[in-house]
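As structure tokens, here come the structures.
The two complexes that follow have chain A in common; it is paired with chain B in the first and with chain C in the second.
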Partner chain A sequence: MRRLGRAALLLVLSATTCAVADVGDFTPAELSRIAAHGPWPLSWTPDPGNRVSGNAAAIRLGRDLFFEPRLSANRRVACASCHDPAKGFQDGRITARGLVTGTRNTPGLLNVRQQRWFGWDGGHDNLWSASLRPILDAKEMGGSAARAARVLRSRTALDCHYRQAFGKPPAAGDPELLVNIAKAIAAWQETLISPPSPFDEFRDALTRGDTRAAAAYPAAAQRGLRLFLGRGQCATCHAGPLFTNGEFGDIGIPFFIQPEGVDPGRQGGIKRLLANFYNLLGAHNDDATRNNATATRHLRPEHRNFGEFKVPSLRNLTLTAPYMHNGSLATLREVARHYSELDEDRLHADGERILKPLKLSPQEVDDLVAFLESLSPSKALPAPHAPPTVDACHAP
Partner chain B sequence: MKPHNRIAAEYTRLTRALRLASVFAALSGALLALPTAAADEPRMPIFDAHVHYSHDAWERTPPKVAIAILRKAGLKRAMVSSSSDEGTQKLYAEAPDLVVPSLRPYRKRGEIATWVRDESVIPHLEDRLKKYRYAAIGEFHVYGADADLPVVRRTVQLAKQYKLWLHLHGDSEAIERVLVQDPEARILWAHSGFDRPEAVRAMLKKHHTLYADLAYRNDHATNGKIDPAWREAFMEFPDRFLVGTDTFTPERWYYIAEHADWSRGWLADLPPDIAARIAWRNGETLFASMMATRQ
Partner chain C sequence: MKSYAKRYPLAGRRWRHADSVRKALAILAAGLTTGAMNAACPPDAADGAVLTKGELVLAYRPLLADKSSRIPMAKHFALEVQLCDPEGVSIARLHKADATMPEHRHGMNYRTLITPLGSGRFRIEGMMFHMAGHWQLAFEIQAGGETTRITHDVQIE
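Let's turn to the complex of A and B:
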């Protein structure tokens, strides 16, 4: 059935190509590849590793805790301090600033439910574990179980939603407390889904054969899309509706960190993940089948992982500058130029063979940027950052 | 017991102790609390056959710092090449006991793909060979029929003239072509050609002057256990393999120690004498002794 469906889609797309000259002369192969970047948004399923995934009380609790600075050691740093909703849940800084300034660029959180690995180094295999780390990290929030329990008990709504979600009161001595908090924050983050972008509208229009609607997509973005799919081979890594394969790569970005040393990237991330008490192989994974831990079970660090960083989603880029794991590229134009002038000697001769300097003309740089910009929503994001709730809550 | 056997045996005892300690630590939830006595045991020496120290490396990690990294990693020696050769010379001057110099045909980064057709490479090699001492020419990249291009042919001749090794990064066809030019050419095959262990064995069987480094490959060992096909290769040709990090970017200097430890881990899965040969004795026999005769 799936094959038949694809064939039918290709037929529609091919017919569209013939009929529409002003939406670019995309080949059937290109149209098929365009179609593979949708539909958007993806269907949502609960996280089997998080028993409160999709739970309304947990989502409410998670949202309130996300904006709660009292979880931090100085009572001034919340998750939202770095993950600003107005900036695609990023902070606009080169590197994150919690209690101290870090060494990596803050990743945005939109569509985070769709990810497999979390963090630039993939040091986490689940969203709740990734949410717990900054709360406890002395450089980020410096929190603790005792502090978290105090915060939960300090406000009726927090206390009540915690009881609703987890069926018991928040107690500092409960070894589950921090994990539960993290799972609630994860449950809320799972709801952060970006609206469709101009590209999605174009892709959907092509798919249904609506040439008039497709023609609204700017010509520069169409040319950039062709580069993206063709000569750039960008879609090899930036694949699918999320525009990422969810894995890691070395694209020649230096990874020294000041004052001395390096950020080992994925190589360190794998080691960190496998040593993490809160990974999916551990007791806190709520998926009794452990099917969600298969990828983690087979992880092995390899030499190539040293200096690899996560292939980021390309959605919502206009909201999340600067770019790269260390925030070293300020604009999308700089990103395009990086790939244009790629230093091949920074890549292993038998490693990232797909990467070659694209040698883009100024026009091509503009086109690629126009395409990348078209992956951000045309409409304003909904405002999830309302003040902490004081809704009535009836604990069990 | 010979000294190298004693070291290998000590190393085996150490790794066994470490494994037991690791199991105990994991069971007790104290992963980082390895016994200090075990940590103080001598480490298996490593001859790292694949180190680069190009201009961006020496700018960021000056020779004294670089040498400290090598010593801290427990390297007995490192075969070093760089683009330009200046980096190698800086490092050799800093620690002649530790560095085995190799001459790259590259004067700067960016010549990997172009050097085989660049006639100006020849006087570069000739000049450096007259001026400095080396154990090898390389690492250089050449594939297929390019190995018969005049610049490569002259490089092979120079290696013969100066009795040097060729550190060749390329496919088996390039190896074959070089060995037609000089059947006695001694070649260290970088990365074992990224070829399958069966193919590497076939090449080693066919060419007695061919040796292979294992740089930037993981397929021969997982979690300290050696792949069966690779084990056969190591057991059949214990004198023909070497380990190497491949510091192709300056950041990778900070991976040398990690790589040495990783190598010690999988080498412990071999009989101690064979482990010692691949870890360091082969390098010492083939390259370090060469440098000693050129003092």
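Let's turn to the complex of A and C:
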């Protein structure tokens, strides 16, 4: 039946293409690949490794803690300091600035629930572990369990939502306190989902045979889409509805850190992950089956991992400049030119062999940028989701 | 009882070798059921793609978490393998299973774990094709003091 469904979809898509002059003359293979980048948004399921995933009290608590600067050592740095809701939960800086300036670009958080690995080096295999690291990192927030417990007890709503979510009061001596806080923050971040983009509207219009709606998608974006799927081979890694395969690659972005040193990327990330007390192989994974730990259990470190960084999602790019793990490319045009003029000498000797300079014309650069821009929502993002205070937690 | 062909359909793979396609389709068309699985050697439709090298016969089929019909890109899946030796008695051992992208000159990001299930059957866990394109599955089989390597090309989209 699924084959029949796919065949029917292709027929509809093909018929659509033939009928409308304003919709590019995509081949059946291209149409199939366009369809594979949707639908959007993806269906949401709770994180089995986080027992408060989807829990209203935990989401409310996590939301409040995300914006709480008192968790940091100087009481001025919150998660939201770097993950600004107005900027796709990024900060617009080249590299992150917590208590000190870091060496990597801040990743955006929209659609973070859909990720397999977290951080540019994939040093975390779950969102709550990734959320805990910056709180404790001396260079980012410099927090502690004692500080977190004080913050929780300082406000009735925080204290109450914590008790509701975890069934006990927040206590500094509780070894679960920090991971519970991280799970609450993760529960809130899981609700951050970007709305459909112009590309999604185009893709959906093609699939339902709505040629009038499909024709509204700009011609330049359509040409860029064809380049993305074809000669650019971008979809080899930037695949699926999230426009990423969730894995890692070396695309020739320098890994040197000023003034000296190197960022080992995925190689260091694997080491950190496997040494992390809070990974999915550990006791804090709430999935008793450990089925959610398959990726971690089967990891295979390779020499080529050095200098590899995560293949980012291409959604919401207009909100999250600058780009790449070190924030070295300021605009999408620079990103397109990077692939156009790729310096193969910078690539790892054991790395990906299909990466070649695309040698794009100025028109093709414009088209690719138009397509990439069409992956961001055309409407303003909704305000961060904040479930109402759970009734029993209203301050007296 | 639900047929194996229905539980583990082959629709998602593009067979590079026409022989394999013909073989798989012909066997699928026969509509063999779970009961046939017990007649392990030679492999039948329920065992998926049937590969031969010399007198060794290997069949494999994907076990997908969502029971969908195609191996998805960038998602973990398992394989079940059936081995047969020349006498039709499964004494061969699946020693190693892996996959590479020859044109890209790299393999998977994950290492596989092979679990013997008895009667020449094995379960391979930890598979993931993380990029679109041509993958080559490789199985190393030990039988009679010799190691045999059988490969199979798979197109992932």
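By our rule, the second predicted complex is superposed on the first by the 381 of 396 C-alpha atoms of A that agree within 3 Å, B and C clash if a C-alpha of one lies under 4 Å from a C-alpha of the other, contacts with A are read in each partner's own complex, and residues count from 1 in each chain.
What we mean here is this: contacts are C-beta pairs under 8 Å (C-beta built on N, C-alpha and C of every residue); 3 or more make two chains touch, one makes a residue touch a chain.
Computed from a predicted model, the values in this text were never measured in an experiment.
Looking at the shared chain after the overlay, A:E344 reaches chain B, while chain C stays out of its contact range.
Applying the stated contact rule after C-alpha superposition, one finds that A:P48 touches neither chain B nor chain C.
Judged by the touch definition given at the top, the superposed model places A:G261 against chain B, while chain C stays out of reach. In the overlay built on the shared chain, the residue A:P28 is in contact with neither chain B nor chain C. Within the superposed three-chain model, A:E302 lies in touch with chain B and with chain C [touch as defined at top]. By the touch criterion defined above, A:G230 lies against neither chain B nor chain C after alignment on the C-alpha atoms of chain A. Of the two partner chains, neither chain B nor chain C is touched by A:P218.
Legend: residue contacts after superposition of the two complexes on their common chain; A:F248 is shown touching chain C, with no touch to chain B.
Judged by the document's definition of touching, chain A residues 300, 302, 304, 350-351 lie at the interface with chain B and also at the interface with chain C. Residues 11, 68-70, 73-74, 76, 103-106, 108-113, 125-126, 128, 130-133, 157 of chain C are the ones that touch chain A when the two sit in their complex. For chain A in complex with chain C, the touching residues are 2-3, 32-33, 36, 235-237, 239-240, 245-248, 294-295, 297-300, 302, 304, 350-354. Those residues of chain A that touch chain B in the complex are listed here as 254-256, 261-262, 264, 267, 275, 300, 302-304, 306-307, 343-346, 348-351. By the touch criterion stated above, chain B contacts chain A in their complex at residues 31, 60, 83, 109-110, 112, 141, 169, 191, 194, 216-218, 222-223, 245-246, 248-252, 254-255, 258-259.
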